[in-house]
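The letters A, B, C, D and E name the chains in turn, as written, and every chain counts its residues from 1.
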Amino acid sequence: MADLHFLANPARFRRFSQRVTGSLAFATVLALAVGLYLALIAAPPDYQQGETVRIMFVHVPSAWLAMAGYGLLAVLSGSLLVWRHPLAALMARGAAPVGATFAAVCLITGALWGRPMWGTYWVWDARLTSMLLLFFLYLGHIALSNAYDHAERGDRAAALLALIGAINLPVIKFSVDWWNTLHQPASVMKLGGPAIHPTILVPLLWMAGALSLLFVILVLLRTETEIDRRRLEAADATA
Amino acid sequence: MTGFGALLARDVRLVLRRPGDVAVVLAFFVVATALFPLGIGPETNLLARIAPGVLWCAALFASMLSLDRLFASDYEDGSLDLLLLAPWPLELAALAKCAAHWIVTGLPLALLAPLLGLTFGLDPLALAALTATLLVGTPTLSLIGGLAAALTLGARKSGALLALLALPLCVPTLIFGAGAVEATVSGQGFGVHLAVLAALALMALATTPWAMAAALRQAGE
Amino acid sequence: MTGFGALLARDVRLVLRRPGDVAVVLAFFVVATALFPLGIGPETNLLARIAPGVLWCAALFASMLSLDRLFASDYEDGSLDLLLLAPWPLELAALAKCAAHWIVTGLPLALLAPLLGLTFGLDPLALAALTATLLVGTPTLSLIGGLAAALTLGARKSGALLALLALPLCVPTLIFGAGAVEATVSGQGFGVHLAVLAALALMALATTPWAMAAALRQAGE
Amino acid sequence: MVPPFLEVTDLACRRGGRRVLDHLSFSVGTGELLALTGRNGSGKSTLLRTLALLVPADAGTIRWQGEDVVIDPDRWRSQVAWLGHLDGLKADLTVRENLHSSQPDRARVDAAVAAFDLSALATREVRTLSAGQRRRAALARVAASTAPVWLLDEPLNALDAAAQTLLHAAIARHLATGGVAIAATHADMPSARPLELGA
Amino acid sequence: MVPPFLEVTDLACRRGGRRVLDHLSFSVGTGELLALTGRNGSGKSTLLRTLALLVPADAGTIRWQGEDVVIDPDRWRSQVAWLGHLDGLKADLTVRENLHSSQPDRARVDAAVAAFDLSALATREVRTLSAGQRRRAALARVAASTAPVWLLDEPLNALDAAAQTLLHAAIARHLATGGVAIAATHADMPSARPLELGA
């Protein structure tokens, strides 16, 4: 059993996470219900964009979470490389696909929205391109962490990539911004307060909260799975 | 620093012993570039318009093409162990490898590019911008590619994976490199672009050797 | 022919053992293609014009990137000797390797290309031309790239020269491939182009396996 | 008179301009193990490669059951099982997958795995094996083949005493079925007929 | 009491989840040759790699002249000359170029070339050497270094009898100057203190 010693810390995490997931799931469902009600029913259609404006309530939070997810990945990677924290690797494995999914959701909802608004699913615009690149940074991370026979090797290689990628992410974002833009400029997160009407802002913030909860719970669940998988492999190897 | 010089000399000598690899890279650069006039037809101003992007993309691809083997041969013939045990810092050794790679790919590409630019009808100033930006920008590509090569050591399917990892990180360099040439075409100077490229190169120089060394240590395990 | 089938199946199985690897290849195509708009700018009708060149260039890049190591790992770990001693003809073994690589790179690219073409604003007929020409043309790239890979094994100086000659052999394929899409844009059919591409592919099929086998035998000495 | 199984006459071979083998003649009969000995660089590996037609001979003939092997090289190649200095294993495949890719017959692969005590390692990727474990896997590949002629370049390399015994047993079994084996070696191989090169 | 040169206490190491070394303690004094023996897969190479810090230990300490080597790993690395299972030579460079790239001092390189009877091969590309010639070149690289600790993984591999004698002589010279050597081996090494792993 001493062979499983290195899992002691993840095991404690697992107990903790199992305790909180129940109430977290409840909160997520509740927040999603309120958010979806506000977004799909309560919010008025936009005077310019009509009903399609409702796509925004998924689109924008997904974009935020996709970007935040990479930040989380970088933090986890740092603690893996510096403190050799075994849990960080497992959580990074859990978080990367979730972040990638939100990036994909942002891309897909954006494309669906683009058709009515711009008359095309895709343009090679700065914002769109940088989100696409973020999506591929995620994919590269996932591919690298699975490219090795030894999971730990993949963990650490991917952690190095995430750190360098995190340094580069703002560079990519800004360089692409300077390159060209057609997409909506930031209107919620900007200096001097939001320039957006409260009837839209409130459901947007609810949805952002609900999807953030969803993000957290997905990461927790996936981390648990990773812990179980790693434990099985360790048991296999010692058997 | 003399240690670095010796390392660099050895690595350059090693690459030059296999001229085939360099030849394929340069040929690829020319063929890839030549492809666009064929598709677009001979409209000179259109060609001049796309030339910077095309040349930069081709340069980016070409340098990725050869990076694949940067550390892999050391890994496979056991000399990576010697590199890890060498009395000089591993960061320096990794840097020397990237520098050698740049000398045999980035540098020839930058020198070849004006010739290709000429066939696209670029004017002299644009050609100068092209050469200058390639000279300043390709080291960044070598460094980032070198990092990807170190990260994928011992990984399966390393070729495509390496490119997938490195290409997004190379985007800023590409944008400012191609942007510089376009700026001269539209009558502006390219000083700012060059400064940004230099800044990117310095950033890569400051971070990637460390990350490469860490990745190589892992591969040695 | 069943021997060839078994060889091919084994090589494909080897590559497909990890489905993630094919995903990496596909992701890599998208990133490589996305670089051109970044270099050239987002103007939709300009992008539509260069789309054939871009996609063909990405195809060339992809073939070169992965074919590079087609025989090198066998050479270095000693399994080239086993290939040379195998009871089936070496030509067939080389062909199977190229075919396996085409199946996991050329084929996915051809199937993904229409989607990417859409983002470049190509019309349906152009998309059809693109897919058809890629399907017929990428095998030629795989074969010629495989030849270059075999020639650079062990890197004799003459190998370098031959590799340098091999890559320009891709040029006709690229011209007719990109030209076909152009032709549909200007309202013509692409039947002739397709016929030429097929002829080129057959020519490559008839000559390169033999040349690859000869190059491999030499490397084994 | 029945021809000896493998008969080499007046073989000559040069590598990189240097003459390595010259006027070499010998023959190996069925059930016989020939041990090539000689100093480093005396041409043992070159001889094995020449026999396998991996390196062209400059002069001389190699006859297999009376027929010159260059007449139908493919038939001759199908008679040969090869183990070089390098193991020739794919690092990303498991031991069993490696064996399977040259021998489709599952029963033979299983027998070879057992013969070299690899059962516990059969599903491990070759990349993770120790040097001797890897060499054993390469030897198992030879043992799994049905070829009557084994050409082995320093088969004892990296093997521990137990594995060397396994190898000798496997060679003995092969010879007992009428096979032929030629091994280059610096160590003693019991019951082998020695042939010293470069003497 | 003067500490033994190299002292290993309670070393443990796992590879791919398997425990390979566990509670291993030994020490090697100046002028001593330690021969690691044991079955294939018993952990000889792993131990050498752990000592060279190429593989991190899971537990235990390695002390060099009384000081834990992880305190100043770079200093420790500069004390070690390494020969792995693989030769670590660049096939495209000549023997002399290979030696030079790790030892700039021409006189030491010349001496090492002579010590392993490589003078005739010094300007040949490693690619064209026979297996034993290549191994000798790799050993010459070790002999050319000034490091007091030699870590050798199966140094006798592929060597002919004459070259083995040269190696023993080189080791003896190294030990006579106060050096330390640890060699993994399946063959006998005279005047070595054996340490059996996995027993």
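Here is the rule we go by: a residue touches a chain if its C-beta (ideal position, glycine included) is under 8 Å from a C-beta of that chain, and two chains touch if they have at least 3 such contacts.
As the structure is a computational prediction, the values presented were derived from the model and not from experiment.
Novice: If you apply the touch rule, which chains end up adjacent to both chain D and chain E?
Specialist: Expected: A.
Novice: What are the chains that chain B and chain E both touch?
Specialist: Chains in contact with chain B as well as chain E: A.
Novice: Ranking chain pairs by contacts, what comes out on top?
Specialist: By number of C-beta pairs in contact, the leading chain pair is B-C.
Novice: What's the rotation, in steps of 5°, that superposes chain B's Cα atoms on chain C?
Specialist: My answer is 175 degrees for the C-alpha fit.
Novice: So which chain is the furthest away from chain E, centre to centre on CA atoms?
Specialist: Chain centre farthest from chain E's centre: A.
Novice: Using Cα averages as centroids, what's the distance between chain A and chain D in whole Å?
Specialist: Here chain A and chain D have centroids separated by 56 Å.
Novice: Hey, how far is the Cα centre of chain A from the one of chain B, in Å?
Specialist: Their C-alpha centroids are separated by 31 Å.
Novice: Once you find the CA centre of chain B and the CA centre of chain C, what distance in Å lies between them?
Specialist: Centre separation, chain B to chain C: 23 Å.
Novice: If you average the CA atoms of chain A and of chain C, how many Å lie between those two points?
Specialist: Going by mean C-alpha positions, chain A sits 35 Å from chain C.
Novice: Indicate the residues of chain D shared as contacts by at least two other chains.
Specialist: Those would be 85, 127-128.
Novice: In chain C, what residues contact two or more other chains?
Specialist: As it turns out, chain C has residues touching two or more other chains at 24, 27, 31, 38, 41, 77, 155.
Novice: Going by the contact rule already set, what residues in chain A reach two or more other chains?
Specialist: 133, 136, 139-140, 143, 147, 149, 176, 179, in rising order.
Novice: Which chains touch which?
Specialist: A-B, A-C, A-D, A-E, B-C, B-E, C-D, D-E
Novice: Looking at the complex, which residues from chain A come into contact with chain E?
Specialist: 3, 149-150, 233-234, 236-238
Novice: Write out the stretch or stretches of chain B touching chain C in their complex.
Specialist: 17-24, 26-28, 31-32, 34-36, 38-41, 46, 49-50, 52-54, 56-58, 60-61, 64-65, 68-69, 76-77, 156-157, 159-161, 163-164, 167-168, 171, 174-175, 178, 182
Novice: Note which residues of chain C are touching chain A in the complex, please.
Specialist: Touch list, chain C to chain A: 20, 23-24, 27, 30-31, 34, 37-38, 41-42, 44, 47, 118-119, 121.
Novice: Where on chain A does chain B make contact in their complex?
Specialist: Those residues of chain A that touch chain B are 81, 133, 136-137, 139-140, 143-144, 147-148, 153-154, 156-157, 160-161, 163-165, 167-168, 171-172, 175-176, 178-179.
Novice: Per the contact definition, I'd like the list of chain E residues that touch chain B in the complex.
Specialist: It is residues 52, 54-56, 74, 77-78, 80, 82, 84-93, 97, 101-102, 104 of chain E that touch chain B.
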